[in-house]
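Each in structure tokens, the structures are laid out below.
One chain, chain A, links the two complexes that follow: it is found with chain B in the first and with chain C in the second.
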Partner chain A sequence: MKFKTFAAFVGPSVFMMLLFIAAPLVSVFIQSFQVTQPILEQVEVETCTPGFLTQTCTTETKTVPVLDENGKTMTETSWVGFQSYRNVLQMDKFWEAVGNGSWNDINQIDFWRALRFTLMFTLLTLPMVLIVGLAIALAVNNAVRSIRGPVIFISLLPFIITPVIGSLSIYWLFVGDGILTRLMEQWSGQNISMFAQAWTIELLMYFFRVWNNAPFAFVIFYAGLQTVNMDTLESAVIDGASRWERLRHVIIPHLMPLIIFIALIHLMDVYRVFEEIVGFRSQAHVISLQWLTYDFMTPDDAGNRAMSRASASAMLTMIGIVFLLILPLRRTWRDHKGSAN
Partner chain B sequence: MSTPKAMQQSFALRFSSGAFLAFWCLIAAFPIFWIAVMSFKSPVDAFAASPWDVITGPATRANGDGLSILDIVVGLVVLYFAIRWAFTRLPGLVRQYCPPGMIVLGWVIGAIAYGILFVLVFFTLMPLILGPINSLLGPLGSPILGLTTEHYVAVWGENEFYRNFLNSMLVTAGVVTVSLTVGTLAGYGLARSGSDLAFWLLILALIFRALPHSVLVAGYLPVFINSSEILAPIFGEGAPTLYGQPWAVIAVLVAINQPFTIWMLRSFFQNIPAELDEAARVDGCSHFQAFRRVIMPVMWPGVITTGLFSFLLGYNDFLVTSLLLDAQNQTMVPAIAGYFNRETTTTDQVEAVAAAVSITAPLFLLVMIFQRQIVSGLTAGAVKG
Partner chain C sequence: MFLKRIALAGAVSLMGSAAFAACSYENETPIKSLSAGFEAWKAVTDAMAECGNFQAELDQEFRTKQPAAFEANPSLYHIGGVSNGTITPLLNAGTIRPLDDLVAKYGENLSPNQLIRINGQIMAVAMMVNTQHLMYRSDILSDLGIETPTSWDEVYAAADKIKEAGVVDYPLGATMKSGWNLAQEFVNMYPGHGGTFFNDDNTTAVNSEAGLAALGTMQKALAYTDPEVLVSDSTYVQQQFQQGKIAMANLWASRAGAMNDEAESQVVGKVAMASAPKAVADGAPATTLWWDGIVIAKNITDEEADAAFRLAMEGLDAEMVKGANDAAIWLVQGYEPTDIAAGAIATATANPAPPAYPSTTQMGLLHTALGNELPAFLTGERDAAATLVAIEEAYTTSAKEAGVLE
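Moving on, here comes the complex of A and B:
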């Protein structure tokens, strides 16, 4: 295919990606070093109230935004260097907390709290999803052929459901008067509230994520299991391998490329953890990096969006995903080169 | 195929594997099933202490809303025939009345018409007919299962959820059509070009795929809000403010979806033998003609599968739509967040549940109809490596 034809085919797609993915990245990068503020001026205002004999007048200086001819607030943009990053990272507080050795103090700083949760969540859900997915795939593979279709149908539901709605459906089961909380209260005889402290919320988030993502791993593992070489399995049996050893030495090596694929996709997707926080309304206890940026971007009561801090935290989020993906990507790269030679 | 004796499994293993599977199915379906049940009950029942009360709904029944045995039997029969008819007669009708070449459009119209007909029959005609019969029957006609649709009426009627529904449909339809049009071209080009550039484009797309969406939205937001000033030199006075415009959100979602779309379509196109378009080229077609006449007729399975995933992305999105659309153009998923703020009484809560179920219902239908395509789409990228 000539370059010109190739360019004509991929042109629209590349154009969209450059315009809506690459360009915003550049603009976020620039914004993170800038602060846009309304121009303020000090005006002396004299307010008079009618009184007996004379009016009582008070003069005070007020800070008001400068308006342009259309009556809109004028803004100015200035370069502030790393100030926004400093505002997000709050390194002085962080080092102070580290100096005190106080985990609680670190958790008081939004960014570090979000980073701690996001990384832990991403790395801990990975093995859980892989194991649960593989277990379901093995169990379905074991099952009678006629029930496989319905089981796959039911398994796809948690995967296909809107994540916000999925987390809400679990929220409603465990909310104060939700059915599962009531049952747990009956069993334990205690008053239980699942959404009042961080660790129970996190527990439910882990549950939600496995519930939501295990079907994806399951479907891929299940497809992989169909291509396991039966001869190798039989010779393993003849060699006296137990069921566990067969799984360990035949099936898992066969599934290895799939495991890496799922891990890669999982790291990308779970690092974005966000919907759970909306669904569980957990922002007071647990937040993630994406939620932090989202929160900076949502207008506050005065209608202002903290765009420069949002940009700084977005850049930091991006650096995080780069670090997280370097290892698996290098491995895929080496495999790619290895298979090419 | 008989399993060799050594590979046969002990009863204990088979039993535990079956039990695990049953347990998983229970966990997978329960939350969704439960919110569906809750949405049809009065608030007292929906948050009742005993699960049995939630299912049977005594308080809802006491209000006079409920189903008698007759209702349940007739309802199940109608439901059974409706589903059967959808799979046996509907395809024939669509084929009969649809001009050739517009079959996709025909299906969309057919499905919508069928859905409306079903809702009319099931929720309007049946209560009208069954109401008088129930009162005649006496004990057999008295309600045994509490069930009310008042929350749905409240959500769709008073709260004007249909506006959000229409916005959602607009955004998802736009995302699916644009991203498939742009994506098939790119996917075909990438599949047929073995150049280094194609390889690097794919790697770049993979990196873009990894970016959290909030990073991108942070880039759009200030530009979109001020776009009428920024674009004024080009478009003059009529420069649009992109913030709050559905089509701007469509463009954004299409771009976010592109990396995934081109990877998936590329792997589908690689499965179409290259000899096919080479033969067309030998016969004198240009690349575009070959694509138009030879590839397009055989690419539909892959396009439908990719379209399903584009649909899911547009439909399920919360972050982009909630930040870039204003209140009047809001789609369904962010709109449900509006219920959080008002969720003061239990009635509000159950209305939020009903809204959530309304959002889930189309997805449920989607899995039912397209299960095979979804599974093949999930495995397409992975298994072939």
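Moving on, here comes the complex of A and C:
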């Protein structure tokens, strides 16, 4: 392809990526080393609050921001180096907890608590999604042609549901006396509260994520299964290979590039786990890195946002994803080089 | 026959659109408002809509949208619904206008009690008071021969008896959803134990005897509540009441009307309201006082502000209150307190009276720190002393980032 044609094809998407991905990333990177504060002053303020019949007025000293002549809040921005990262990571507390050998103490530091869950969630859902996806794909592939259409449709349904809506549905099914909790209570004969302790919440999260993501793996694997070399399979049958052996030695090696592809997408996707935390209202028990960033950014009633810590936390999340992706990416790179030679 | 029906339907719908004859004038300027979404706001915005050209946005997430929306020029909304907690960012950013002129022009029906003055200027018009107070099943308590509890010790003693009798799923409900709600429980309990939130130098004073006592009182509730209490917000507790699952809760006065809503509630007429329980015998009820009301944006033209305020006064008139008397503890003329207002009035007129929610920049930061650090205490992962230290540290970190502390 001529370079000019190539540039014309790629240009728009490179431009979009620079504008919507690279530029915000640079801005977040810079903000994570800055702190922007309003210029504050102490003033005496008399505030009146209505009681039921009369008002009570109190005069107190309040810290309020200074406004400039246009009525905008005056702010000053200063460079603070790694201070925001230190505030998020809280390394001093972390090492102290490690020194005490106390897992519980480490779990009390927001970042490390979030990291523990995010990592575990990402790494455990990956094999589950791969296995469930492959199982559905094999089942559909071996199903009678007439029922294949409906089966594909039903297997794809969870994928169509927006994750926030999906997680809320699961929450409503299980919270308090939700339909499914009721059923389980009738079954087991004891009072069950799924959202009262961390491990049951996490269990539901794993279930939800696998249910939601497996169809994606299924679609990809199903497409891959259509290209398996029939001659190889048939000769394997003649050689007396069992079903398992055919899967292990013919089908899986054939699907390997797809497995890597799904793993890549899955790692990137699940490391940003967020919907489950909000949908399940699990902040008391389980939080994730993405939720931590969101929490820093959410303004409180007085309008304060911790933008610097939010930026630092976002950068740390990105670094985490890069680390996770190094392994599968290296493999893809090796394969790529191998096939080039 | 069919044609006739259509004609009739048309006539009826015409009457419907002519219903803004109920408004004393016709509003010509398009006006928008953003407020919380509870029952009282619905009544007020419906009354405003009768004048035409009005668009109301009722959103429980209004507190995160309002500061940015009002800072835009022109402001995205003309009228804002605020409480004494959420007016602070608007005041700090100077995005709402003084209302003295407009009150003089249109406010002849307002009582002095409704005018929220900050440094002498009227910055908001209050329409209702709100507070968390004790709501209880009067039938259950009288069946078991329990006096109306006035302190938290009595509440827990009563809860013990109710638990033993086994008449409801859980004796107590609590708005302890981790985050804002749970923090608010502490903000109620802590001054009740005589605590102050801040030292003179803006550092927090929660790490104290009163803090430990407040945590102790909060923790005792867990023995009597739903195990899933850390996900339960006001709406959840309201529904538990309506479905007859709980017998007592320290719940918002604005939720009291829903107890007698026959479409939703199975306990109509059985829920009574009393003053918020005290934390210590001679103290104030362990709660905070709130008001809800309207503000007018600064970044709009004077004509728009005039039209918006006139419209708001139409929404806050005696006629609206007549239609929604039990939706809130109204401050508006024409309100007649009924039984369900008894608890809120008893709380507000108690001597010593509970404090108003102390809304400041620092309090916003502390509220967040409380909401994030308290859950670990209630799940038992951390003891009370360590929790108070964690709250202090979390507040200090964010206060430094916000520039409140050096």
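A few notes on this one:
The rule is short, and it goes like this: the second predicted complex is superposed on the first by the 306 of 341 C-alpha atoms of A that agree within 3 Å, B and C clash if a C-alpha of one lies under 4 Å from a C-alpha of the other, contacts with A are read in each partner's own complex, and residues count from 1 in each chain.
As a convention for this text, a residue touches a chain if its C-beta (ideal position, glycine included) is under 8 Å from a C-beta of that chain, and two chains touch if they have at least 3 such contacts.
What you see is a predicted model, and the numbers here were worked out from it, not measured in a lab.
Contacts of A:45 after superposition: chain C is touched, whereas chain B is not reached. In the superposition on chain A, A:12 makes contact with chain B only, not with chain C.
By the touch criterion defined above, A:153 lies against chain B but remains apart from chain C after alignment on the C-alpha atoms of chain A. Residue by residue along chain A, chain B and chain C are tallied for touches, and B comes out ahead.
In the superposed model, A:143 makes contact with chain B only, not with chain C.
Of the two partner chains placed around the shared chain by superposition, chain C is the only one that A:285 touches, whereas chain B remains out of contact.
Using the contact criterion defined above for the overlaid structures, shared-chain residue A:298 touches chain B and also reaches chain C. Touch criterion met: A:170 reaches chain B, while chain C stays clear of it. In the overlay built on the shared chain, the residue A:124 is in contact with neither chain B nor chain C. In the overlay built on the shared chain, the residue A:215 is in contact with chain B alone; chain C does not reach it.
Where the contact sets of chain A with chain B and with chain C meet, they give residues 281, 298. Touching chain A in their complex are the following residues of chain C: 63-64, 67, 84-86, 88-89, 91-95, 112-120, 126, 129, 177-180, 182, 202, 226-228, 230-231, 236, 240, 289, 291, 298, 329, 331, 344-345, 348-349, 353, 356, 359-365, 367-368, 372, 375-376, 378-379, 381-382, 386, 390, 397-398, 401-404. Across the complex, chain B meets chain A through its residues 4, 6-7, 9, 13-14, 17-18, 20-21, 24-25, 27-32, 34-35, 38, 47, 49-51, 54, 181-183, 185-186, 188-190, 192-193, 195, 197-198, 201, 204-205, 208-223, 251-252, 254-256, 258-259, 262, 286-288, 312, 315-316, 318-319, 323, 333, 336-337, 340, 349, 352-353, 356, 359-360, 363-364, 366-368, 371, 374-375, 378-379, 381-383, 385. The part of chain A that touches chain C in the complex is made up of residues 35, 37-40, 45-58, 62-65, 67, 71, 73, 84, 87, 104, 107-108, 110, 175-176, 193-198, 280-285, 295, 298-304, 306, 308-309.
Residue ranges of chain A in contact with chain B, taken from their complex: 1, 3, 5-6, 8-10, 12-14, 16-17, 19-28, 31, 36, 135-136, 138-140, 142-143, 149, 151-158, 160-166, 168-170, 172-173, 177-179, 182-183, 186, 211, 215-216, 219-220, 223-224, 227, 233-234, 237-238, 243, 257-258, 261-262, 268, 271-272, 274-275, 278, 281, 289-290, 293-294, 297-298, 305, 307, 310-311, 314-315, 317-318, 321, 325.
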